[in-house]
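Both complexes below contain subunit A, partnered by subunit B and then by subunit C.
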Partner chain A sequence: MILLKILFRNAFRNRLRSGLTILGITVAILAFGLLRTVIDAWYSGVEAASASRLVTRNAISIIFPLPLAYNEKIRQIEGVKHVSYGNWFGGIYIDEKNFFANFCVEPRTYMEIYPEFVLTPPEKKAFLADRKGFIAGRKLAARFGWKIGDTVTLRGTIYPGNWDFVLRGLYRGRDETIDETQFLFHWDYLNETMKKVSPRRADQVGFYMISITRPDLAPDVAIAIDMAFKNSLAETLTETEKAFNQGFIAMSGAIVTAIQMVSFVVILIIMAVVANTMAMTTRERIGDYAIMKTLGFGAGAIAVMIFGESFVIALTGTLTGMLLTYPAAAAFGHSLSNYFPIFLVSDVTLWLDLAAALLIAFCAGVIPTRHAIRVRIADGLRRIG
Partner chain B sequence: MTEPKPPIVEIQHIYKCYHRDSLVVPVLHDITFDIADGEFLALMGPSGSGKTTLLNLLAGIDKADEGTIRVGDVDITALSETELAHWRANHVGFIFQFYNLIPVLKAVENVELPLHLTSLSARERREHAETALRMVNLDHRMDHYPKEMSGGEQQRVAIARAIVTDPTILVADEPTGDLDRVSAEEILSMMETLNARMGKTIVMVTHDPRAAQRAKVLRHLDKGYMNHDPAQDPL
Partner chain C sequence: MAVPLSYSMRNLWKRRLTTGLTVAGMALVVFVFAAVLMMAEGLQKTLVETGSYDNVVVFRKGSSSEVMSGIERQQTSIVEMLPQVAIGPGGRRLLAKEAVVLISLPKRGAGKASSHSNVVVRGVQENSLPLRPQVKLVSGRLFRMGSSEVIVGNSIAKGFEGVGLQGTLNWGQRRWTVVGIFDAGNTGFSSEIWGDVDQVMQAFRRPVYSSLVFKLRDPNVFDTAKTAIETDPRLTLEAKRETRYYLDQSEMMAKFLRILGMSLTVIFSIGAIIGAMITMYTAVANRIGEIGTMRALGFRRRSILAAFLAESLLLGSLGGAAGLFFASFMQFITVSTVNFQTFSELAFKFTLTVPIVLQAMAFSLVMGLIGGVLPALRASRMKIVEALRAS
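After this line comes the complex of A and B, so read on.
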C-alpha cells in the first residue's frame, strides 16, 4: 500500500515533465487508434462479408462482363440458393468530388441475398414497382439532402449520358457495420437503355452474387460454377464474398501496409520518449531508492515503484488517448465519409491501445529498474545532498 | 565499581578497498574494535579517512573485503544481500546528514515506512509512528511534508524513523552536518537522551568536535587506520 502511495505521488512529482510525457502518449495513442481505424475501415467490406455468399466474375478481369445467360445455369447448380447480378455504374452526381458507390442490381434477388440492407415494406414495394427508382443508404441521402420522391440525375462514365432516377427508399443497415452510403437501382433500367443505344453491351452483367444453402458448401459450389463455364468464351472466377472484397484491398495493399507500419512506428517513438522520462526520473530518485533499500526494502519493492510509476504515466496517457479517439474518429469519419463509409473504433483497436500502453510501460521501466536495483546503497546515498 | 557491559558489536580485522576502473583504493586497514551495549561512540577523522565506510559496514549497507562484524549474535559479513536487508530492517536505525526522508511522504508516513516491513497492522503502525514523533516533540508536524519543515525538524523526523522499530543500534552519519548550531544542539541532546534514558547503542560519524564531545567514547580514523587503544581517547 505504501509503495502504491509513493509511486502515485512520484508519478506526478514533476508535473511538467509527467504532463508532457502523458500528452505525448495521448497523442501517440490517438494517432495509433485513428490509423488502426483507417485500416479497419479499409477492411470493413471484408468484415461485413457473409460466409454464405459467393461472387462470380469474369476470370480474366472484373472489367470484362459475363453473359446474362449464365444466371439460369448458375441457379441450377446444387447448393445455390439465390442468384443476383449487377454492374458497377460509376455515375457522378453533379461533381466528381461527390463520389459514392452506385450499382445497378436485379432488385428482387438482391434483397434476398442482402437482408442487411433494411427497407420498410412500402419502400421496398415502391422500389420494385418503379424501374427508374433507386434506393439510397440513409447517410448518403442525408449527405445530399435527398427525400423520397426526389429525382436524382447521375452522369454516366462507363455508360454515357445523363441518367435520371427517382428515390423510392432509404435503406438502413442491420447494424452499424453496414455501409449506408450506397446507391442501388434497377439493372433492367440500364439494360433496356443499352439495348437502344449500344446493343452490343446489352445483356451483360459485371458480376453475379450467389447465396448458398450452407457456408461449408462454398468451395464445392465455387468449383462447380467455374467448371460449368470452363472453355467458354467468358470463363468465370468464383470466390467467397470475403475473398472478392479482399482482392480489392490487395490492390491498395502497399498503402495499408504503410499505414500499419506508421502506426507501430508511432508506438516505438513514444516508447523511446517514455523510456527517456523514466531514465531521468530514476536518476533523480536514486537517493530515494537507496533510502528504501537502507531501510530494508528489497529489489522487488524498487521494481514495483519504478514499473508502477511507468505504468501510471503510460496508462493515464493511454486512457486519455482512448477517450479522445472516439470524438476524433467521429470527426475524421465524417470528413472522409466519401472514402470510408464505415469508420468505427473497434474493440480490437482498444485492446491494441491497452497492449501498447503495457508494452510502453514495461519497456520504459526495464533499464531504469535494473539500474536502480544494481546501484550500491552507499553510492545511491552519496547522490543525496 | 560497575562491571563493563558486553560488546554488542565486534569488529575483527576489517579490510575494505574501493575499485575505480583499474585503480584499487584501500580505505580501511585491519580495523578491530568492540562497541559495548549502550555505548555512544563518536568516530572522527579527516575526510577520506574511512569513517562513513566503516559506519556503512557495521550497519550492513556495504560489505567488507575481509574480516568479520558481529552484531549481537549475528555475523553480518556472512549474510546475503536479502538477509542483510531483513537484518537492517530489524536491527539498525539510520540518521543521515541530509535527513534522507522520502519527499512525497508526510512526516508520519516517513516514520511509518520501516514498519511496513513488520507484521504490525495499519493501526499499530500509525500508533507507533505517532509515539515516535511525540518523543521527538513533533506531534504537531505529523501531516507535514519534508519540504514544509526546517532542517532541524526533518532531522527529528529522521530520528523518529530510526527509533520506531526499536533497533539494536543507531548509526548516525554527520547528523548535525547540515544544521545550524541551535538545531544541532537539539539533535545531539535528543541522541544523548536516547542513549542515556533508553539505553540505545549509538555510533556517530562526525567532523564536529562539539558533537563528538557529547559521545561517551571517541575513536579516530586516519587514512583507514584506527587508534588501537581506545583508552587513548577517553572523553
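After this line comes the complex of A and C, so read on.
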C-alpha cells in the first residue's frame, strides 16, 4: 500500500510533464482503438456472414452472370433448403458520392434465407405485392430522409437508364452487427425490363444464395453444386458466405495491412514519448536513488520504483483512452456510416489496448532502470540537477 | 543581439537520449504522413500515365468503367468513320475496338483459397499496340491473331499464380497459353492480360465490345469529336480523353488515401507534439540558471524566445529529415491492390515528389513550433533575479 502511494507521489511529482505524457498516451490509445475498430468494421461483413449459407457465382469472376435455369438444378441437390438469387445493380442515387449497396433479389426466398433482416408483416406484404417496390435499411432511409411510399430514382451504371422504385418497407437488423444500409428490390423488375430493352441480358443471375439443412454439409453441397455445372458454358464457384465476403476483403488486403501497420506505429510514437519522460524523471532523481542505495535498498527495489511509476503513468493514460474510445467510436461511426455500416468497439480491441499499455510501460522503463541501478552511489550523490 | 544557433544545437547534443527519443517520435509521424501521400501520388501517377493525351476512349453513356460498358458492333462502325480519327501508316484508321472483362485469379504465395483477385483481360486488335506506345514486349512473343494465346503484363506475371511464360489459363471451355510478357512501365496496362478481341468475345459469349480507343488526327479536335459522338442519335455513347478517363478512375481511391492519411497524421502528431513539449519544458526547467545568466549578460527576452524556438524547430527538422529519409526507401515497394472504382487489380509504386517533401518538412516544422512555443514563452518571461536565485 505504501509502495503504491510512493509510486503515485513520484509519478505526479512533475505535474506538467506527467499530465502531458498521460494526455499523449490517451490520444495514442484512442487512435489505436479507433484504427482497430476500423479494421474490425472492414471485416464486419465476414463476421455477420453465416457459415451455413452458400453463395454460388460464375467461376470466371463475379462480373459474369449465371443462367436462371440453374435455380431449379441447385434446388434438386441434396442438403439444399432454400435457393434465392440476385444481381448487383450498381445504381447511383443522384450523385456518385451517395454510394450504398443496391441489389435486386428474388424476395420471397431471400426473406427465408436472411431472417436477420426484420420487416413488419404489413411492410413485407406491401413489398412482395409491388414489383417496383423496394426495401431499405433503417439507417439508409434515415440518411436520405426517405419515407414509406416515396419514389426513389436510381441511375443505372450496369443497366442503363433511370429506374424508379417505391419504398415499401424499412428493415431492421436482428442485432447491431447487421448492416442496415442496403437497398433491395425485385429481381423481376430488372428482368422484365431487360427482356424489353436488351433481351440478351435477360434471365441472367449474378449470384445464387443457398441455405442448407445442416451447417456441416456445407463443403459437400458446395462441391455437388460445382460438379453439376462442370464443363458447361457457365461453370460455378460455390463457397460459404463467409469465404465469399472474405474474398472481397482479401482484394483490398494491402490497405488493411497498411492500416494495421500504422496502428502499431502510433504505439511506437507514444513509446518514444513515455521513454523520454521516464529518462528525464530518473535523471532528475538520480540523487534519490543513490540515497536509497545508501540506506540499503537493492536493485530490485529501485527497479520496482521506476517500472511502477512507468506503469502508473501508462495505465492512467490507457484507461482514460479506453473510456474515451466509446464516445469517439460512436461519433466517428456516425460520420463514416456510408463507408462502414457497422462500427463497434470489440473486446479484443480493449485487451490489445491493455497489452499496448503494458508494453509501453515496460519498454519505457528499461533504459532508465538500468542506468539507475548501475550508477555508483558517490556519482549519484555528487550529481545535481 | 541574438543567442548563437550553436547554443541551441549543443543543448540538443548534450541530452542525446531525450533528443533522440523526441526526434524518433516525430520521424515516425512524418514517415506515416509521407508514406500515405506517396501512396496516393503513386496511384494517381500510374493511372495518369496510362492514358495518352491525344487518345480518346468511347464507352456507353453512364458506365463508370470499361467493364460495365457495352457497344454494339454497328455503333463502332459509326464512330470509326468520324473524320477526326487519325489515319495510320497503310491508310488504316487508328482505332481499336476492345473488350474488357474481369477474371478472378489466385494470388501468388498466399496459399489460402480466398485470396483471389480480379484481373483485367483486354481483348485487343492489331491497332491497339500503336495506340499504346508504352506497352513493350520483354520476353516471349506477341500472340497470333485468331489463336487462344495471350500476353500478360509484368505486374500480373509477378503477382499471380500460373501466369508465367508458357503458363495456361482456363476460361470459356478453352485453354489459353501465355506466350509473352510485356512491360508497360508505370501504367495500369502492366496489370492486364491481353489477347485477340474476337477470341476473347467468343470465349466469354459477349457479342458487344466494351470500349473504343482512337487517336485524334489533331489533339485540338477533341471537342468536335466529342460533340459528334455524344449528339449522334444513333449512338448512346460518351467520349473522354484517355488521360481524363484514367484520372477519373483514380479519384475515389486517391481521395480515400489522402483523407485517411491526413486524419491519421493529425491525430498522431498530437503525440509527437506532446513529446516535443515535454522535452522543451524540461530543457527550460533545467536551464533556469543559464537563462538568468544570459538575461543578466544583456540578452533580450525575444532573443531567449528565439533561441528556444530555434531549438524546438531544430528538433522538428531533424524529425522531418529522419522521417523522409526512411520514407524515401518506400519507393522501392510496389503495392498491388484492388481499385474500388474499377474493381480490378492495379499495381503501383510509392512515389516521392518535391511537393510531398516540402509538405512533410513543413508539417514537421509546425510540430516543432507548436511543441516549443509554450516552453519558449515561459523561458523568455522569467525574471532575472528569480532565475539566478533558482540554481
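Simple rule for what comes next: the second predicted complex is superposed on the first by the 383 of 385 C-alpha atoms of A that agree within 3 Å, B and C clash if a C-alpha of one lies under 4 Å from a C-alpha of the other, contacts with A are read in each partner's own complex, and residues count from 1 in each chain.
Heads up, the rule we're going with is that a residue touches a chain if its C-beta (ideal position, glycine included) is under 8 Å from a C-beta of that chain, and two chains touch if they have at least 3 such contacts.
All figures in this text were calculated on a predicted structure; none of them were measured in a lab.
*Asks:* After lining both complexes up on subunit A, report clash or fit for subunit B versus subunit C.
*Replies:* fit
*Asks:* After superposing on chain A, what angle in degrees do the C-alpha centres of subunit B and subunit C form at the C-alpha centre of subunit A, to the nearest 10?
*Replies:* One gets 90 degrees for this angle.
*Asks:* Could you tell me if A:170 is touching subunit B, subunit C, both of them or neither one (first, second, both, neither)?
*Replies:* Neither: A:170 stays clear of subunit B and subunit C.
*Asks:* Which partner does A:314 contact after superposing on A: first (subunit B), second (subunit C), both, neither?
*Replies:* neither
*Asks:* In the superposed arrangement, does subunit B or subunit C reach more residues of subunit A?
*Replies:* The larger set of subunit A residues in touch belongs to C.
*Asks:* According to the stated criteria, A:54 is in contact with first (subunit B), second (subunit C), both, or neither; which is it?
*Replies:* neither
*Asks:* Between subunit B and subunit C, whom does A:275 touch in the aligned arrangement: first, second, both, or neither?
*Replies:* Touch status of A:275: second partner only.
*Asks:* Just to confirm the value: shortest Cα separation between subunit B and subunit C in the superposed three-chain model, in whole Å.
*Replies:* Minimum C-alpha separation, subunit B to subunit C: 14 Å.
*Asks:* Could you give the residue numbers on subunit A that contact subunit B in one complex and subunit C in the other?
*Replies:* 385
*Asks:* For a test of understanding, state which residues of subunit A touch subunit B in their complex under the given definition.
*Replies:* On the subunit A side, the touching residues are 1-2, 5-6, 9-10, 13, 287-288, 291-298, 376-378, 381, 384-385.
*Asks:* For subunit A, which residues count as touching subunit C in their complex?
*Replies:* Contact set of subunit A toward subunit C: 16-17, 20-21, 23-24, 27-28, 30-31, 35, 59-64, 90, 96, 155-158, 160, 200, 231, 233, 237, 239, 243, 246-247, 250-255, 258-259, 262, 265-266, 268-270, 272-273, 275-277, 279-280, 367, 385.
*Asks:* Give every residue of subunit B touching subunit A within the complex, in rising order.
*Replies:* Those residues of subunit B that touch subunit A are 52-53, 56, 61-62, 82, 85-86, 88-90, 94, 96-98, 100-105, 109, 112-114, 116-117, 122, 161, 178.
*Asks:* Write out the stretch or stretches of subunit C touching subunit A in their complex.
*Replies:* So the residues of subunit C touching subunit A come out as 17-18, 21-22, 24-25, 28-29, 31-32, 39, 60-64, 67-68, 101-104, 107, 110, 112-118, 171-173, 204-205, 207, 236, 260, 264, 267-268, 270-272, 274-275, 277-279, 281-282, 286, 335-338, 340, 343, 345, 391.
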